[in-house]
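What follows is a pair of complexes built around chain A, which joins chain B in one and chain C in the other.
== the complex of A and B ==
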């Protein structure tokens, strides 16, 4: 349902959409049932000549069932939602599959900047590639991220990945994704962070292995120096 | 329903109707306001000469640079009031096209770049630059300490070639006035030029001229000295 409007580009996007759909269906059905009962009762107990209003305490069993039966049914639905939510939470947030690469993502008012590991695959070495507004990654690889903030709260959000993670000053927050297709998509800030929050944007480029290797070779400081010599 | 209630209901319905019409009229006014980001080029060109346009656009700048354009070091925003229009226009265009504000260590620049992108058309850039140029010059608060203006006088000599003896700037050489510029910002800019944070982007051709000049100042003390000397200049 959601993918019709926003494509799924990470391995867990479908799971998150599935959970949202599950909640939407449960809530939607209960909304319709509640509205039907509500209007039915308004109609049934409408004002009629010769009928006096009656005060109901709601203590009789046949009256209480209008509360108790839906109550227990909603609890059953909650159990399904909790099972689904915990499953997705464990898979997406509690589990870190082994990384193929790690990138550092830094939020500041009002820009995203990125540190990519260079050809050596390690962060904090001479061949790191630092960029602003553009994150370059490879399709089909598990990326870990180290999310930091230089100033205030931000939230690293890639809607097509269904990924949202707060960035908190003073903390390094880890997470992961594995992109399923090549292309270029929006990165947003999903936490109000000041006057420029609405224009704090960047792009994530998911490239094929060959494209990414070529990009890395062209942009790595060490590779550039080596080729210049 | 008795007569009093019926009258009340009738009056309430009329009041609601009038309120709805007023709401629609207000919404229509807002939709046609000249600050609409999607305004057509023709419209923008027409309002570019309107000083109110620049004033409206400046409301966003004022969030960091202040109502009087005196700047705010806490927001990493330098004083801008009274800067020449050509310079403000040039810097805004640099931010818009990525010549500034796209370096990994350019923290103040990265704050400014998204702000510049609010100016959708060239005419918006002209309007806000014109407004800033016409603002009364604000005296920024001096923050730096430890600079010796006497020692800085000699170090300022190479700067005079472009920025002028009195720090008045020179449009022909794309050199902005230095007198009256926030001292903390001058220090940051000198360090940024020297470290290659500014003046290394291929799009920043004027910044590239400043980068080698920043190398003439060996250390932070020399920068403080020259900035202290600039603080004594009239800018005239």
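== the complex of A and C ==
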């Protein structure tokens, strides 16, 4: 369903889309059956002269069957959906695979800023690369993020990754992604954060290993100083 | 004190006293303690607020469709104004339209009439409830005209944005907004006490618990839900006000506070609130369906138990709004399970309503069209909620237009369709006149068709990754391509709003020129139709006695197809 509108660019995008499709099938069937029966009954029992309705209490066992059987079937569908939802959630939000790199993402009214590890692969060292409104990453690598906010709630959302996470002032929230293709896509702020909320956008660039190494070399303050010397 | 002493006697001292006084304009229309007049006051105030909430929707949807252009009757919608418009559209429609009309107007008007007593148990408390509500509406409207404009932090008002003026940039607007919300909650807390006490203590002789009409039960359960959930939020509102103005830091992490605390307080109230307004609308649908299908409500007791079940479960689902709020990810499993479980009583309720049609003699008058539309449309809202309750899928859908479309498919059937079903059904009782059925049907189709044209496209936009509360989507490369969809939804909204004038015309024209209704124009069985239309002060010349349940239609062996509750065997 979602994949018709948006590319799948993370390893778990397909899992989330798969869950959405599963739910769509279950609820779609229920919805169509319920609406069909509903409109059929309206048509079949519409008022006609000389026709008298029936007296049905719905309290007897054989009558209640018509609601208790669908009710148990709904419960069965719920169980399948719960299992699917829990599995996806554990993979996406609860279990972080070992990181190849970690980036820091900072939300503030009304811009995203990013701290990338430099060539040494570590955050909080002299070669870190700081950017605003542009996050540069490498395809095929597991990235962990440390999400922070400097003021109000923000929400880091990359629709093509199917990734969304609130940023909360006072907390550092971890998560992960692994991009599956190169390109450039939208980052949105999905939580209202004041009058500039609508313009708090950024771009995520997923680069090949060579491109990313070159970008890192050009932009790392330490590498720049070294090459200047 | 006199009010409390008279619980079992149907009338307070002051109330009984009123019979002997000549009523003035002020005592009859402004300071009345008559439950019907207070119900009317709530209804007209709610409808006035609906016009404002609807106009706000028009203004911000026009901005979305035609970004940066002058919106007729408003002008340029700035980002700050846009935020204030969406915030107050949501707050008004839920707190100042759905609540006052569904709970307070129908609750006040119907409970004493349907259980066969002459007024609420606490009439003065009832009047106080409306007066506080009116004050809350005035305070809310005042928040728009103060310096820097109205509050724009969304109807959920998450701190720190809502708690610190340097973040919201609307110092007075924010404070007035949260004051208005707190006052509104206090008003309904007081009103709810009356509903529960009256329904449990003042029933007509012979009316057993299973003889109470379903809408009364549902308003009572809704009132209990409201009373049990709103306390923490009133406390939260006071804490937020103090953070804004008195230098406290309840929600400020830099000084030991926690912004997530507000989310728990808000949603612990906010999710039961959905059922607080849903239940009365569902009850109205039950009454209307039974009358116009000439059928007994299918499995009355099952509906009642599912109502209780829904009420209890509604307190266990709040944190599905917080799946991605940065709290412990393991809690998502618990709230996924509870949220999906609540689909069971709600689905069962819908099955019961559909089953009620079976074997009926269905007359498609205007109130019945609304009641049927409630079911048809609410089903869409119900099934789309499953996507959001399932934690794994919510990662994507959270805060998108999919959510927005989903809750409009629940709230529109509740707050608009349910209200229209109720108003068109009880209008003859309220005013003693019939509404024009042809105009009613024109209004019905002119509302239902555009409604679907507004919100089905918004599901698509949500699926395409469009987030909420952004005033110009053309700035986003991946979303700009859907501008035609936004224009289509906006044009549909304008058409739908224009058709509401048909209702307003019908409402007031029928007051003057409508056919006299008589006491029971729909041949209904419940007690309110056994007195004159409109009922006089005290409701009945002689209070009725009840002999049977509320939905005895098509009883075998009887000439007439309905058997009123007060008719002896």
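Convention: the second predicted complex is superposed on the first by the 223 of 229 C-alpha atoms of A that agree within 3 Å, B and C clash if a C-alpha of one lies under 4 Å from a C-alpha of the other, contacts with A are read in each partner's own complex, and residues count from 1 in each chain.
Methods note: a contact is a pair of C-beta atoms (placed from the backbone, for glycine too) under 8 Å apart; a residue touches a chain by one contact, two chains touch by 3 or more.
Remember, predicted model here, so these are calculated numbers, not experimental data.
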{"item": "Touched partner set for A:199, first chain B, second chain C, both or neither", "value": "both"}
{"item": "Which superposed partner A:30 touches (first chain B, second chain C, both, neither)", "value": "second"}
{"item": "Contacts of A:80 with chain B and chain C, given as first, second, both or neither", "value": "neither"}
{"item": "Chain B versus chain C as contact partner of A:150, first or second or both or neither", "value": "first"}
{"item": "Chain B versus chain C as contact partner of A:70, first or second or both or neither", "value": "second"}
{"item": "Contacts of A:186 with chain B and chain C, given as first, second, both or neither", "value": "second"}
{"item": "Which superposed partner A:108 touches (first chain B, second chain C, both, neither)", "value": "first"}
{"item": "Between chain B and chain C, more extensive residue contact with chain A", "value": "C"}
{"item": "Touched partner set for A:130, first chain B, second chain C, both or neither", "value": "first"}
{"item": "Common interface positions of chain A, toward chain B and toward chain C", "value": "109, 195-196, 199, 201"}
{"item": "Parts of chain A lying in touch with chain C, wherever the complex brings them together", "value": "1-2, 4-6, 15-16, 19-20, 23-24, 26-28, 30-31, 34-35, 37-39, 41-42, 45-47, 51-59, 63-64, 66-67, 70-71, 74-75, 78, 81-82, 84-89, 92-94, 109, 151-153, 155, 157, 159-160, 162-171, 173, 185-186, 188-199, 201"}
{"item": "Chain B - residues contacting chain A, complex", "value": "60, 63-64, 101-104, 106-107, 110-111, 113-115, 117-118"}
{"item": "Chain B contact footprint on chain A (complex, rising order)", "value": "108-111, 113, 115, 130-133, 150, 195-196, 199-201"}
{"item": "Interfacial residue positions of chain C with respect to chain A in the complex", "value": "79-80, 82-83, 152-154, 158-161, 167-169, 253-254, 258-260, 293-302, 324-326, 329-330, 332-333, 336-337, 340-341, 343-344, 347-348, 350-352, 354-364, 372, 375-376, 379-380, 383-384, 386-387, 390-393, 395-400, 460, 463-465, 467-472, 475-479, 553-556, 561"}
